[in-house]
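Both complexes below contain chain A, partnered by chain B and then by chain C.
Take a look at the complex of A and B:
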């Protein structure tokens, strides 16, 4: 009896999907008992609703079907169960809509894709639907990665092998990055080395769709680490860390983090972008002319957010990351011998600063405004002594901490500023004790 | 940072009724929105009932912050936001909304007013505008506009209830909550979910 009912509900579900191919959200309708003599599957406004009373009927029924398709005999060999692809699709669909982390069900769908009973694009659409109800289901994201790999492999086997550095050309109707996303991109690559990568190594539409899925999942569940790590994976493996995409993502997520100031995972994605962008700048000149301004902008964004919205730890930790990047960049092109008199003066200056940090820094940076921009952008042509730049950055950072601690009334914010200041000082001391 | 609901209520002799409400429930699932909205109204009402006239208080309930300001004339406002939304902006907004409401809706309509008799359509506009607290940039700076009244902080809805009162009972007794919303509350509570209001 129950089985019969479950079977009927499952076919209701299939009918709903057939009649409404554009279902874009799934949800449960809270309803512990069957109150009306009508189907528990509702479609309204392209949203699929399932009444909760029927979940305990359809889930065991469909799950059982899924497991039976996987059963093995005593010697561990698979028992051939003659099931149509259609019935397997229906069963796995029902299971996954209720419990998105059922790996067995996703694996059966993988086999169906391999047997060409199911198209990758279709299953991507279904997995996106599952994410509207289960936005942080790691298995669903893992399945998407598998599907994307299939799609990317297929496209790259029909066109010349795209490579992160070599120019990639596309013959099979893929959109070139220049036409589709020129407006959104923040800056054109300046050096010839990056100029060769004007074309995107992937299908723009596929990439956009995937990024949109990540965005929706991150929006639906706060601090959705799964969605953001998946996004990083997509940028790395689908867009192959293309310069243009990295820059666009950096400018697109700017708004998002300004509205989600306590979301570590969103900021971590930004750190991924910045780290990847750093690898695009090979020469010392490129690092100084293009990468440092980028870090400067990040410092400024953080100063702005920290001041406007006091007391959010995530922002302070992101600041530490930016500072570390800054240090790394400077250490890359720090020249060991500087006979320039000005720079050696600066070096001595720096050393004085190290011996007595607080007093020295307070003397030098009085207005408390960030100096990063003037240091780097104001001297684009003239070479700035890295030691001097580093010294100024440190000063600015320490001054920023002091300012916050002196003016802010939020106790937690003051503690965060204090611990950042402590961290900075520890770094300077550590560096002095262990010279490279 | 997000704003979910902004409501104007009237309190007299410890009886409270809703005059007008505005909601932004885009971030909730389509089929949840009805119940979520009912609970936002229910919560706003409970808070205004339990807080004194002339007071400002913020009630933290899971990841939601319910900011409440009741004027001495009985007109009250409740803004439900997430924990990222700056408290100061929330209270400045409540001040502004109550002032605007007083200007546009005559006070003699308040005691018997409800959503059908009162014509005040600004709430949705306010909600949309203040979703981004920096849109109201000047507000971020104005500190003096709020008078000296201290903001009382409560750690949960239970904390504002009177002795012996239980939230479960209030939910069960409520006539404004639908059967579906009550079940929704029970299930959410059983599963210890934090993705629903209350």
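Take a look at the complex of A and C:
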């Protein structure tokens, strides 16, 4: 009886997806008991609602169907169960809408993709729907990465890539074909991407859609580790850390961060972007003229936000990152140009984790001229103020802390300023490290 | 304009004594009810759930209340031909559950119930040329899997089955400027990932790579006014993060840097006096996961009513002594 009802509700669910192919959000309607003689599956304006009373029926039913596809006999051998792709799609869909971390259900869908019973793009859409209900499901993001790898692999094998850049060294060969494309283009300077003509190494629509999924998940759950680490993965493995994308992401998330000041994961994503951007500036001149203004803008943004919104640890932590980047770049540019060994040591430190950057950095930019570019931050163009460069030192940072501690009424803000001060001292002066 | 600190207030009537027997009852009962919806919903992580429950019972000195034979048979049934373990019978194999299986079988001294050679093969086959580990054949990479691989092999006495140097280099490539570690190179530092990476370095005898003062300071900053620890900046305190931070501090010899009394008060306040068990925060619903990490945390803080826990493998020290497994930690 219960099984019959579960079967019927599962059919209702399938009908809903057939009739409304553009369902873009799912939610559970709190309704502990069945109160009306109507289906617990409702769709309005492409929003799918499932009444909670039926979950206890459909989940075990669908779960059982999924597991039967994985049954083994007494000796542990897999029994081949003949199941139609459609039935497996329906069962895994019901399981994953309720329990998004069931990795076996996602794996069955991977097998359906491999058997060409399911298209990658279709499943990316379904996984995006799952994230509207389970925005921090790590298995859902992992499944998306697998799907994206299939799409990227297919694209790169069917159409010649317009000068794909060497992938960041730490992508672990995640995208099949990395080695080949990276190896063939290793001579292509990263800095060449900074020209406006360099084409994106990926399908822009795919990239946009994926970044939008990350953004929505980040909105639904604050400091969403999985959404932001996935976004970084996408920039690395789909956009191949293209200069234009890195700059656009930096600009786009600036606005977002100003409205989510306690989101440390969002701020850390900016750290990822800035670190990756640093690898595009390979000469001391480029670092000074292009990278320093970018760090200056980040300092200014942080000073504004820390002052306007006291007591946010995430902002103070981000400042630590910007300071250590600043310090590293400054140590490069302060080196006499003839002293290549000292500069390259520092550059190597700056580019840590990027072994594709040769330790011996190139003497100049790709066109042999120093760039005096400006950095676009939102609509504002900032040019580095040489005086600022000279004066922004450890002393000014310590002064900033002292000011906050002397003037701010907020006890937590004072404590955070004290922590930053301690961090600076510990980092630079190597004083007593014991916090007690 | 100032923002309230993201923290909890411990209610005055919150429990302040360890309700040892209540917790044992909670776990014993939890394992017994197998028909309900919640049990089905959590099947995808069953072996880990069993490890949490059984380790709790062992730390409380009441492991004999559980049905050894039934558990061992179940674990054996979760092994696949490839040597890996699924979370439950019929679920796909994954490194996460390989570690849980090995931990459970070690508690029960029952490794002979499964094919250990095949398991070692499963784990070593997941290592990649850059030293990282896939969680399963589908290719997801995460430092959690690096920990699972070496912890598993260490318990089996087969650490030499993998390239430890390459594995170490990958884990070190995930170290951030703040001294912490993330899931992949360049990923945000996260207490859970830090526990895995520091644990990895402890198992492989490479803790000297950690900047103990820098990381120790970051970990200490996780303590909030309530005494509880969070996992990342501006997150709420949580009993499980209290464990991961505490265990990491213990491994790098900096446990004395936090306020132990306040943390003990916070953990004890997360108990449910009626049902037994621990929740993530005072007043929330209890579960076996937070119950293990509550008990294990109290053990690290020196509670004498429970067995001493090993901070690297989260297993009773007496079990590890029995198999002659010793892991060197940094001294304070």
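Definition applied: the second predicted complex is superposed on the first by the 333 of 436 C-alpha atoms of A that agree within 3 Å, B and C clash if a C-alpha of one lies under 4 Å from a C-alpha of the other, contacts with A are read in each partner's own complex, and residues count from 1 in each chain.
Please note the rule applied: contacts are C-beta pairs under 8 Å (C-beta built on N, C-alpha and C of every residue); 3 or more make two chains touch, one makes a residue touch a chain.
The structure presented is a predicted model; accordingly, all values stated were derived computationally and were not measured.
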| item | value |
| --- | --- |
| Chain B versus chain C as contact partner of A:250, first or second or both or neither | neither |
| Partner chain(s) touched by A:47 [first = chain B, second = chain C, both, neither] | first |
| Touching partner for A:29 - first (chain B), second (chain C), both, neither | first |
| Touching partner for A:317 - first (chain B), second (chain C), both, neither | second |
| Touched partner set for A:56, first chain B, second chain C, both or neither | second |
| Touching partner for A:99 - first (chain B), second (chain C), both, neither | second |
| Contacts of A:233 with chain B and chain C, given as first, second, both or neither | second |
| Partner chain(s) touched by A:67 [first = chain B, second = chain C, both, neither] | second |
| Which of chain B and chain C A:262 touches, first, second, both or neither | both |
| Winner by number of chain A residues touched, once chain B and chain C are compared | C |
| Where chain A meets both chain C and chain B, residue numbers | 262, 308-309, 312 |
| Sites on chain A touched by chain C in the complex | 55-56, 59-60, 63, 67, 70-72, 76-77, 98-99, 101-104, 107, 110, 142, 145-146, 149, 170, 172-174, 223, 225, 228-229, 232-233, 262-265, 268, 272, 275-276, 308-314, 317, 320-321, 324, 353, 409-410, 412-413, 419, 422-423, 426, 433-436 |
| Residues of chain C defined as touching chain A within the complex | 1-3, 5-6, 37, 40-41, 43-45, 79-81, 86-87, 89-92, 94, 128-130, 132, 136, 138-141, 170, 173, 177-178, 182-188, 190, 213-214, 216-217, 220-221, 232-235, 256-257 |
| Complex contact set, residues of chain A against chain B | 25, 27-32, 44-45, 47, 49, 52, 132-133, 219-222, 258-262, 308-309, 312 |
| Residue ranges of chain B in contact with chain A within the complex | 1, 27, 29-32, 35, 63, 82-84, 86, 132, 134, 140, 180-181, 183-184, 187, 195 |
